Structure formats: structure tokens, C-alpha cells
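Shared between the two complexes below is subunit A, which pairs with subunit B and subunit C, respectively.
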Partner chain A sequence: MSLQVDDLRVYYRTLKGDVKALDGVSFSMEDGEILGLAGESGCGKTTLGKSLIRMDGRMRHIGGTVELDGRELPIGDDRRMNDFRFREVSLIPQYSMSAMNPTRKIGRMVRELLRSRGATLDLDELESRLSLVELPHAVLDRYPIELSGGMKQRMVMVISTLLDPSLLIADEVTSALDVSTQKAVARALIGFRDAGFVKSMIFVTHDLALTSHIADTIMVMYAGKLAEKAPATAIVKKPRHPYTKLLLDSLPEVGVRYTDKRLAGIAGSPPSLLDPPAGCRFRDRCPIAGEECAQEPPMAEIEPNHFVACWKA
Partner chain B sequence: MLKLDNVTKVYKVGAFGGKVFAAVDGVSFDVQAGEVVSLIGESGSGKSTIGKMILGLASITGGSITVDGVPVKPGKDYYRHVQGVFQDPFSCYNPVFKADRVFRMIKEAYYPQVGEKEWDERVRSTVRDVRLDPDQVLGRYPHQLSGGQLQRLLIARALLLDLKLLVADEITSMLDASTRIDVLNLLAELKERGLGVLYVTHDLSLGNYLAERTVVLRRGTVVEMGVTGKVFGNPLHPYTRQLLSAVPRLHSPWEDAAPMQTCHYHENAASGAMFEAEPGHLVACAQLDACPQ
Partner chain C sequence: MRRYFGRKLLVYGLTFFVAVTVNWMIPRFMPGDPVSSMVARTGASNPAAAETMRVYYTNLFGFDQPLWKQYVNFWAALFQGDFGISIWVFPTPVSEVILGAVPYTLGLMIPSVLLSWVVGNWFGAYAARRKVLDNTLLPVGYVLTAMPYMWLAVLLAWGLGVVAGWFPVAGGYSFSMQPSWSWDFILDLLHHWVLPFSSLFLVALGGWAIGMRNMIIYELESDYSNYLAALGAPQRLIRRYAFRNAVLPQITGLALQLGVLVAGALVTEIVFSYPGLGSLILKAIQNQDFFLLQGAFLFIVLGVLIANFIIDIVYVVVDPRTRAGMAGAAA
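On to the complex of A and B.
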């Protein structure tokens, strides 16, 4: 067991009160697992990714524990987390365009970064990893501005995994890229896992189709809570939560003819997380909601490794 | 209705504008009334530049763009018939004012003679046309509305005019999967009312869902265009094939595009020339970069 998250609660402090962005999230990840974290904007997926590595000033750790390789991560304590960042937990940010120092050549920046962490640069290792993501070695002598978006994204991937972290969080790494670059970056991520540079990976995205190609397991979030977690094929082929089903039904696909058929969206919008309603949070938009949905549904394992938080599943 | 004929846009780049860069190079296609045409391309392909030129927001370097035979002429008369909706609905509204102020501005500019009551009724029925409840969205501030609602209000704003052509530039890329399909379905309804829609996007699956015809752009030139079913069902240009193979699909694994074959049209190609591979399906030379000019 690589990562174990128990009843994690993270709130944002605002003038109007606490925004309950993560409200009791529990899950675990195996070694070598790629977990796709999918959901729409405001469902808490980025908050979950962030709280595992660095909370920003507005975020408060209310409760719950995170255990990585048997050690508890002090996620609420910014300073103590420093020992874990980069070595144990690492992040590929969404906007790698702005993640690198524009005034340094990349090679020098990497050397300085490693020195600040008390590690030395193994040039052969770095170059072999560059070849893995199909970057020429000459990029080390260039400035970040000389690289294209996809190249920068892959460069940042190499940098953040240099110290072989146990957990890598990839937050929307492909959403700013074109489809063909997206494919190359996604394949490089799988390559990193296969080569053992990272033990496990959380791949945060809003694109369910892309996640299904990369992830072993997909976790769907809705309004600060987990809706469904299952192996990727089960989510795509046999979703059990009504939200997952409706979400999949609203995705148009290439190669399908839509002459008369129209897809349908999900009516309504997610509840405000300032004061979320009691019971199931999808109740207002759910076509099959009933009396029992006024009670909060527990996360139940209805099939091996298939967890659903719905009374009707 | 909308007709682009050999349109070119050249930007001056480099220090003191010493170099030139052709963002759009000899693009010709048309959009008929009652039709959605999707303009597909990756970043830097010039798709947004084309949208901007049609809306008169960027000057045209060469060629001509006409709407019903009238060349693009920014001004009240032109914008009465041609309107655009853009990617980011949140920055299209002034956060200080209520969202329905965009309707008020249309009235003041175009319909000052219409009575208050009649205008109010017109706004409400247009808002209902875009599948929104007037009581829920009118009189609210932009931050109280969702991205999908704001985007649909902008479409309603365009519909209040005597609209013939709507340029929709990446209008769903900031929306969630569950709401973007409603906006797409709305565009599909507009074409049934006789509007021409130019749907600019980088997302092939959305273009496939919506459009009758598809134009695929690469580095400012059209590589393939035609009826959507033919372009997506039987892609002929290697670039289109490569794009299609890179799209993640839910139910089938990623495949690799077939390597570049010899181009059938290379022998007798001229730059920008298109060849009719089958009726309603035009393809450019695959080795255009190496073609004799």
C-alpha cells in the first residue's frame, strides 16, 4: 500500500465562511498504480492534489490523515512537509510554461535546484530520462522560452521526478496542450511509472476519455466528495453512480455519427460548497433520486475494487 | 453566405517588424445559411485569426471575405448581421454591472425606437430560446451565474439582432462536460432557424458532433475539408489522420497513425491547391512544404 488517505477534510477560509472543498475523502493506492482523478470544475480534485503536497494560505486542514509508505504526511504543517516534497511527493503543475526560471538556462536551473535540496546532479541519468521523453540533450543549454509548450511540459516532468519520488501528482498536465502533444505527454507519464521513476501517480484531469487511457483506476469526484472509484475499464464500461453515467453520456466521440441523435447534458449546477445540503450532494440533479437520498450515502464496495457512494447503485 | 476567397493574414514579427509571418495563407471556404461549419486546428494554425478577420477585429492582408456579397466592414450595419461569441464568458461581462446589461446595450445601439415593454418581452423570449429561465438569469450579476449560463446569454444577445452569421470561437472550451453539450445543442438549433454558424475549435469530437462540414487547418493552410462524415470517416491527409489518431476515445485504445504515404496529388500540386478526392471532400497535397510554388 503506497498511499492511504483517511477522511481528509480541507476547507477554504473565505469572508462568507468555510468552503468545504474536501469533505471526508478516503481512498488508498497500491504501488505502481496510476489513479485518474476526474471531475468537473469546483469538485475538489485540484484541492485534493494540492493538499497532498502543499496547501496554500487559504486552505485549512480540518481533519483526516494521509499516510505515504507507512509514514504519516504532516500535510497541515508547511515546514515539516519540506522534508517530503520533491523527495517523496512531487508535483507537475498545470502551467509548466511558468514553472521554470526564465532567467536561467535549463541545465543550470536543474543543477541549482538539486543543490538546494542537497542532492548532486547525475548527468547521465538526466540525459537518459530526457531521451525517454524524446527531448534532445541540447535543451539543457537553452532557456525555457526557446521550448514549445509540450517540450516545457515534458522538461518539467523530468525535473519533478529526478529524485524518484514515491508519489507524483500530475495536475491537469495536458489540458493546455494540443491533441498530438497531449498523447506524447500522456505516454511519457506511463513510461515514467513503468521505468520506476515514480512509484504511484495521481493524474488529475477533467477529461474522462484521456484518463481512461492512462489510469489503472479512476476516481470520480462530485462537490467535495467521492462519487465512484473503480478500475478504469469498469468506470467506462459499467459505471454505477448516476453522475458518472450522465457524465459519460454527455461526451461526444470521434467516429460516431450524430445525424439525428442529440446528447444530453446534466440539468442544474453543483451545490454551493459554502453550505452544502445534507444527504447526497447529487440529489438535486439526479434523475433517480428518492427518499433515502436525504441520508448521506456511504462509500460501498459493490464489486471487488468498485466503490460507489449511491443508495441506488 | 459567408465566403472566404484566398484569404491571407501576414503579421510582422521580429525586432522593428523586419520579418513576416503568414498566420493565414490562402484560405478559401464558405458557410451557407442553415449550416454549421467547424474550423479545426491546433494552436497556431490560424483558426482564431480567421474568426477575427470575419468579425472585422483584425485586418485582412490579402484575399476577400464577404457576407452575402458584402465585404467585411466593421460598423453597425455589419454587426447587425454578423456576431461573435468567444472562449471566456467570464471576461465578456463587466463585473460591476448586472449581466443583462448586454441586452440593454443592444437596445440602445440598435433598437432605440422599440418600446420598453415590447423590448422586455423580446428579451425574455430570446432568453427562453437559449433554454434559460428568464426569472433565474435576468437581474443577476455575472458572478451569480455559471459559465454555461453566461455563454448562453451571450448567444441570446447576438440573437436579438437580425443575425445571419455567428462566429463561435472555442465557446465550449471553458465549460464543464455536463453543460457544454447544452451549448452545442443550442448551436444545432440555431442552424435550424436558418443561421450560418462558424464553429472554431481544437476539439475534434465536438466538431464531429455538431458540424455538417469540417475544415482542417494546419499552419495557416487548409489541408482537408468537406462533409464531416467523409473527413472524419475517411481522412486522407496524413495530418488529419495523425490528429484523429491522437484523440483519446473512451471505448478504444490509442492507435498510431499510418506513416506518411506518397501523396497522390504531389505531382501536379501548386501551393494552396485542393483536390477533390470524392464529391464533397477536398484534400491538399500532403507534401505541401516541399511542393514547387
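On to the complex of A and C.
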């Protein structure tokens, strides 16, 4: 078991009160697993990803534990967490296009970064990894401005995984790329896992279609809580949570003309996490909600490795 | 690279041409007649004698020629290094008068501009994101930068000069001394230099410190800083990168501020009766000395243009993006 998250609660401190962006999330990941994390904007995906590596100034660790390879991560303690960053947990950020210092040549930046973490640069290893993502070795002598968006993205992927972290968080890495590049990036990520550069990976995205191609397991979040977690095929073929079903229904299908039939979305929007409603948080938008939904549904394993938090599942 | 500097030089050349033309026009279209004031100064009561003198001076300074011819002559003389003859200290050549004043102005300007920039940047970068410093010393920076140069100069002259009596309040050196390369004179020179230097230094310091502080905070919020922090890079490395990138706009700021700084230095010189270009310009205006005024302005324009050109070169050296842009990006 590589990652074990237990009842994790992370709130945003605001003037109006705490925004409960992550409200009791529990899950675990196996070695070598790629976990796709899906959901609408504002459901807590990015908060979960950030919590595991570096919280920003407004985030507060309220409760719960995170264990990686048997060691507890001090996620609320920015300073102690530094020992784990890069070596144990690493990040491919949402903003890869601007993640590199614009006034340093990439090679020099990598060397300085590694030295600051007490590691030495293995140039052969770095170059072989560049080849793996089809980047010419000459990029190390270039400034970030001289690279295209896709090249920067791949360069950041290589940098982030240089110290072979146990867990890699890929946060919306494909959202700024065109479809063909998206596929290349997804393939490269799987390649990194297969080559053992990273043990396991959390792939945060709002693109369910892409996730189902690369993830082993998909976890759907809604309003700061888990809705459903199951193997990728099970999520796509036999979703049990009404939210997952509606998410899948709102994807466009190939061969259907949407001039005749309007593409269905999910009516309404997620509740405010400043003061979330009691009971099931999806109740207001759920087509099959009933009396029992006033009580909060527990996460239940209805089939092996298929967890759903819904009374009606 | 060559095209970039070629274009820059062309722009500077044009600026120089326009500045010199305006410079030539201003004193000539100013109200007042220098020749009649010169004649009046001699006190000639005989109208015939006064008329002869008027004709003589008008002829000497070339005022009898049509304006366009005066303009052409002016450019021709300029390229021979001839700025004309001063009316105020007739018959000393303007270039001689100005060259006597330029070292004082440069001695005041260069250290105050460079030191305030370096110290201000360093201090602003240090104070950014350090609560106590940010809350105590930066408001002082705001007060300093909001002060007019001459006002701070007057305060310093009054406080440290008149009341405390530590520093002399006027002149470049004591009246009892003759300029020479002796230690006594150099010490005396420094003693007189301290107050005008401090007033220029302090006002500029506040502005640079505040600018740098804001830039550093912006850079520390930027994506590359966040990425480095997420990979556990120490604050030292992140701040070093942030400083390096935040300095770039400060260099541009220096280029933009140069004109203001020069103006500030001129006014400060007048407050302290410091024998630099500022005091010279005041004298030239009071005496309607066209040629001296023209010459002084010309020196200032040249100085600002040269300084700007140096900053352009420095910028190309420190910002790789401008260089990459010139070479054309490789795919």
C-alpha cells in the first residue's frame, strides 16, 4: 500500500468563515497505481492534490492523516514537509507553461535546484529521460521562452520526476494542451510509471474521457467529499453514483449530431462549501433523491474495490 | 543584435536632434532682450554710445542674422565644439564655464543615483515578506519618496547645517580655499558634498526600496516560485531567482527616472548653492544668458541620452529574453 489517506480535512480560512474544501476524504492507493481524480471545478480536486505536497497560505490542515510508504506526511507543517517534497512526493503543476524561471537556462536551473536539495545531477540519466519524452538534449542550453508549450510541459514532467518520487501529483496537466499533445503527455506519464520513475500517480483532471484511458482507478469527488471510487472500466461502464452517471452523460459522443439533441449537462451547481448542507451534498441536484438522503451516506464497498457514497446505489 | 542597436542609435539620434532644436528655440523665444540688459549694465547714458554697443553685441552674437541662419550657424558651431560665448561671464567661452561645473554635478549625481538604486533594491528585497521590516521601515520609504527634493534639502540644511552645525550649508568648498589637489581641500570638498548627496540619496532610496519590495512580492507569487517551493527548494534559492527577475523592471525604471533625477539634482544644487550645472542654469536664466543656458541643457540632454544607452546595453546583457528575441527563437 503506497498511499493511505484517512479522513483528511483541509479548510480554507476566509473572512466569512472556513470553506470546507476537503471534508473527510479517505482512500488508499496501491504501488504502481494511477488514480484519476475527477469532478467539477470547486469540488476539491486541486485542494486534495495541493494538500499532499504543498498547501498554500490560506489552507489549514484541520484533521486526518496521510501516510506514504508507511511514514506519515506532516502535511500541515510546511518546513518538515520539505524533506518529503521532490524526493517522496512530487508535482507536475497546472501551470507548467510558466513553471520554469524565465531568466535561467533550463540545464542550469535543474542543476541549481538539485544542488539545493543536496542531490547531484546525473547528466546521462537526465538525457535518457529527455529522449524518452522526445526532447532534444539541446533544450538544456535553452531558456524556457525558446520552447513550445508542449515542450515545456514535457520538460517539467522530466524535472519533477528526476528524484524518482514515490507519489506524483499531475494537476490538470493536459488542460492547456491540444488533443494530440494531450495523448502524448498521457502516454509519457504511463511510460514514467512503467519505467519505475514514479511508484504511483494521482492524475487530477476534469476530463473523464482522458482519465479513463490512462488511470487504473478513478475517483470522483463532489463538494469536498468522495462520491465514487472504482476501477476505471467499472466507472465508465457501470457507474453507481448518480453524480458519476450524470457526469458521463454530459460527455459528447462521437457520431451524434448535437444540433438536433442538446447536450445534457447537470442542472444546478455545487453547493457553497462555506456552509455545506447536511446530508448528501448532491441531494439538491440529484434526480433520484429521497427521504434517506437527508442523512449523510457512508462510503460503502458494494463490489470488490468499488466504493460508492450513495443510499440508492 | 546589430539591427537592434542600429535602431536604438537612430532613435537616440532623433531625440538628440529634437532636444537640441527645442533647446535652441527656448531662450530665443523667451521674453526679454539680453543685449539691452548688457548695454544697460554698462550704464552708458549717451544714446549714440549705447547704440554703438548694441550694434556691436548684436553683431557679435549673430542676432542680426535671420533666425534660420542663426539656427544653421548654431549646428555648425556645435559640431566644432563651439557653444558660443557666455553673456553672464563675458567673454568666457560657454564650454569653459560648463566644464568647470560638470564635475560637481557628476560627483553628486553618479554616486547618489547608483548608491540609492543598489541600496534601495537590496533593502526592498530584504524587507519584502518580512513582517516587522515591512510594517516599520517601508512607511518611512513612502514618506521619503513623496518628499520633494528641495524640501528635504532645506530640512537637512536647516537641521544638520544650521541647528546642529555639523555641515556647511552652501557652496562646493569653503570660500577661504583655492581648488587644489591637497588633502585639506578634498576633505573640505567632501564635507560640503555630504548634505546635497544625502538629500538626493534619501529621496531616491525610498522609491527604489518600495518598487523592489512590490516586485519581489510579485515574483514570489509567480508560478516558477511556487513550483520551486513545491519541489522543496530552500527559500534562499527562490529569493535569489526572484531578486534576479525583479531587478529587470528596476533597470527600466532607472532609465525612466533619470530625467527626474537630473531635475532633482539641479534643484538641490540651487538649494545648497552647489557650483554645478543647476546653479549655472539659474544664473543663466537670471542673466538671460542664451548661450550658457543652451550649453547647459545640451550637456544634460547628452548625459541623459548616454546614460539611457548604457542602460539599454546592460538590459540586453542581463535579460536573456531580449537576446533570444534578437537572435530569433530556435524551434
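Criterion: the second predicted complex is superposed on the first by the 304 of 313 C-alpha atoms of A that agree within 3 Å, B and C clash if a C-alpha of one lies under 4 Å from a C-alpha of the other, contacts with A are read in each partner's own complex, and residues count from 1 in each chain.
Everything below uses one rule, namely that a residue touches a chain if its C-beta (ideal position, glycine included) is under 8 Å from a C-beta of that chain, and two chains touch if they have at least 3 such contacts.
Quantities reported herein were computed from a predicted structural model and do not represent experimental measurements.
Partners subunit B and subunit C fit side by side in the overlay (superposition on subunit A).
In the superposition on chain A, contact of A:269 is made with subunit B only, not with subunit C. Residue contacts after overlaying the shared chain place A:91 against subunit C, while subunit B stays out of touching range. After overlaying the two complexes on the shared chain, residue contacts for A:53 are found with subunit C alone; subunit B is out of touch. Using the contact criterion defined above for the overlaid structures, shared-chain residue A:146 touches subunit C, although it does not reach subunit B.
Vectors from the Cα centre of subunit A to those of subunit B and subunit C enclose 70° in the overlay, to the nearest 10. In the superposition on chain A, contact is made by A:182 with subunit B only, not with subunit C. Of the two partner chains, subunit C is the only one that A:104 touches; subunit B does not reach it. By the document's definition of touching, neither partner reaches A:120: not subunit B, not subunit C.
Of all Cα pairs linking subunit B with subunit C in the superposition, the shortest spans 7 Å.
Of all residues in subunit C, only 222-224, 226-234, 236-237, 241, 244-245, 248, 318-321, 324, 329-331 touch subunit A in the complex they form. Within the complex formed with subunit C, the residues of subunit A that make contact are 53-54, 81-87, 90-91, 93, 95, 98-105, 112-113, 116-117, 142-143, 145-146, 148, 156, 159-160. The part of subunit A that touches subunit B in the complex is made up of residues 40-41, 149, 178-180, 182-183, 186, 206-210, 212-213, 236-237, 246-248, 250-258, 262-266, 269. For subunit B in complex with subunit A, the residues that touch the partner chain are 42-43, 146, 148, 176-182, 184-185, 188, 202, 204-206, 208-210, 229, 232-233, 242-244, 246-251, 253-254.
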